[in-house]
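Naming follows writing order (A, B, C and D), and every chain is counted from residue 1.
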Amino acid sequence: MIEYQHNVHVYYRDVDQMGIVYYTRYFEYFEEARTELLRSIGISVTDIEKNGYFLPVISCSCKYKYPAKFDEELNIFTKITEEPRSTLKIEYIIRNSNDILCVNGETIHTFINKNGKIVKPPKIITEKLRG
Amino acid sequence: MIEYQHNVHVYYRDVDQMGIVYYTRYFEYFEEARTELLRSIGISVTDIEKNGYFLPVISCSCKYKYPAKFDEELNIFTKITEEPRSTLKIEYIIRNSNDILCVNGETIHTFINKNGKIVKPPKIITEKLRG
Amino acid sequence: MIEYQHNVHVYYRDVDQMGIVYYTRYFEYFEEARTELLRSIGISVTDIEKNGYFLPVISCSCKYKYPAKFDEELNIFTKITEEPRSTLKIEYIIRNSNDILCVNGETIHTFINKNGKIVKPPKIITEKLRG
Amino acid sequence: MIEYQHNVHVYYRDVDQMGIVYYTRYFEYFEEARTELLRSIGISVTDIEKNGYFLPVISCSCKYKYPAKFDEELNIFTKITEEPRSTLKIEYIIRNSNDILCVNGETIHTFINKNGKIVKPPKIITEKLRG
């Protein structure tokens, strides 16, 4: 299992007129967190793309438990528990600074080539993901 | 069942460096579509809020089938099939102008009052949602 | 002079916790409006890019006069008053449905080629922009 | 003069199909940077709002000199050079990790109360801004 913790700060741009983080913004936090998880094991999204691969999201979900608010520091706990095959699943848990669970969610990705065809993940990636 | 069709146009702001709509943007389209569905049956989100209710998302998901691209016209087909109880489920299907299924997803909402407490949906809403 | 009117609707995603449209969102409205202005005179941004040209923003500004709010219908009045040379200037005025001036702004663009080099605007564009 | 340096990282959400940071995103970086500048001198935006004041943007501008790209680390140099009167001017310079100037811009803010009326900045703020 690969896991990573990453912090984000909530700014005005993220918050709606209910005074809580707008629901799509958590998926932006997820993107930031998975980019950093991958970097932490030596995988750069830029390098993946330079090698002609892309890693689009094919499915995602999020459950909202407790609202995050402006100027809060959020902790994103990200993990990959399953070996990647044709798809790669990444899970996220976001807690606020009082350790209250704000959201949990997941994204599922596939590897495609420049022509948009689904392909096997490149070996260099799977090896790093296996740890 | 309540259903509604709404079109959105894809602009530059929506598209990432893969040349496809960034995955969170579909949830913004969903918000636009459900606001219009509610309006079509006489429910204004502003009126809901003026009456002291809010309708936050408590869960959402999306499956990405085919990428939408810059300058495309997308058709969002939105429907409510279940009677609202403590929660309200809204389903979405987005097709491009070639009628290709791009994404399908759902959002689940709850009604809360000004203090953030979960409450029963106001009668005026449930009556309109029952048609 | 070329001018065009385009409407946008304010959704939840656009509004911050002051209950007013977040300041960057107007620039997204500007992008939408200029894409439609260009389309109205037969210029498609996609076609420009297929021909190997891009039209990045090199400067922009906005003055905020009166806040736009959730669920308002906004009218964007867009115009090009100067003949394009190395740069193209586009001006915007946004009014709400009570005809109150919300913002006015401008964007200045340049034409670049695939290598990022500044180039003269293609003739097919300048002819259409001259009317 | 008050100044502050703040770093941001460019993620996928920020980048358009030209492969460069979308023009509105820099204004989000500006918001992040000014929030941190204010915090660095003991001013919390949340505290300002709890005291019944708001600090909306009344004008902003940005000049784009060199495109920032995905996964770059950007340095935002923020400063306040003029004493705040009815308005507060904040200036920004963003450089990439090669110290190339990407953008420079400014935002001008005013203080309003809960009713939206323009008011003098509260003393506690002006004292901190004067250093």
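Descriptive notes on the structure:
The rule is short, and it goes like this: a contact is a pair of C-beta atoms (placed from the backbone, for glycine too) under 8 Å apart; a residue touches a chain by one contact, two chains touch by 3 or more.
If you're wondering where the values come from, they're calculated on a predicted model, not measured in any experiment.
Of the two interfaces, C-D and B-C, the higher number of touching C-beta pairs belongs to C-D. Taking the mean of C-alpha positions as each chain's centre, the chain lying farthest from the centre of chain A is C.
Inter-chain spacing, taken between the CA centroids of chain B and chain D, is 32 Å. Mean C-alpha position of chain C lies 23 Å from that of chain D. Chain geometry summary: the mean Cα position of chain B and that of chain C are 27 Å apart.
Residue positions of chain D touching 2 or more other chains, listed in rising order: 12-13, 18, 24, 28, 31, 70.
Every residue of chain C that touches chain A in the complex is listed here, in rising order: 12-13, 15-19, 22, 24, 70. Interface residues of chain B, counted against chain A in their complex, comprise 18, 20, 23-25, 27-28, 31, 54, 56-64, 67, 107, 116.
Those residues of chain C that touch chain B in the shared complex are 9, 11-13, 28, 31-32, 35, 44-46, 70-71.
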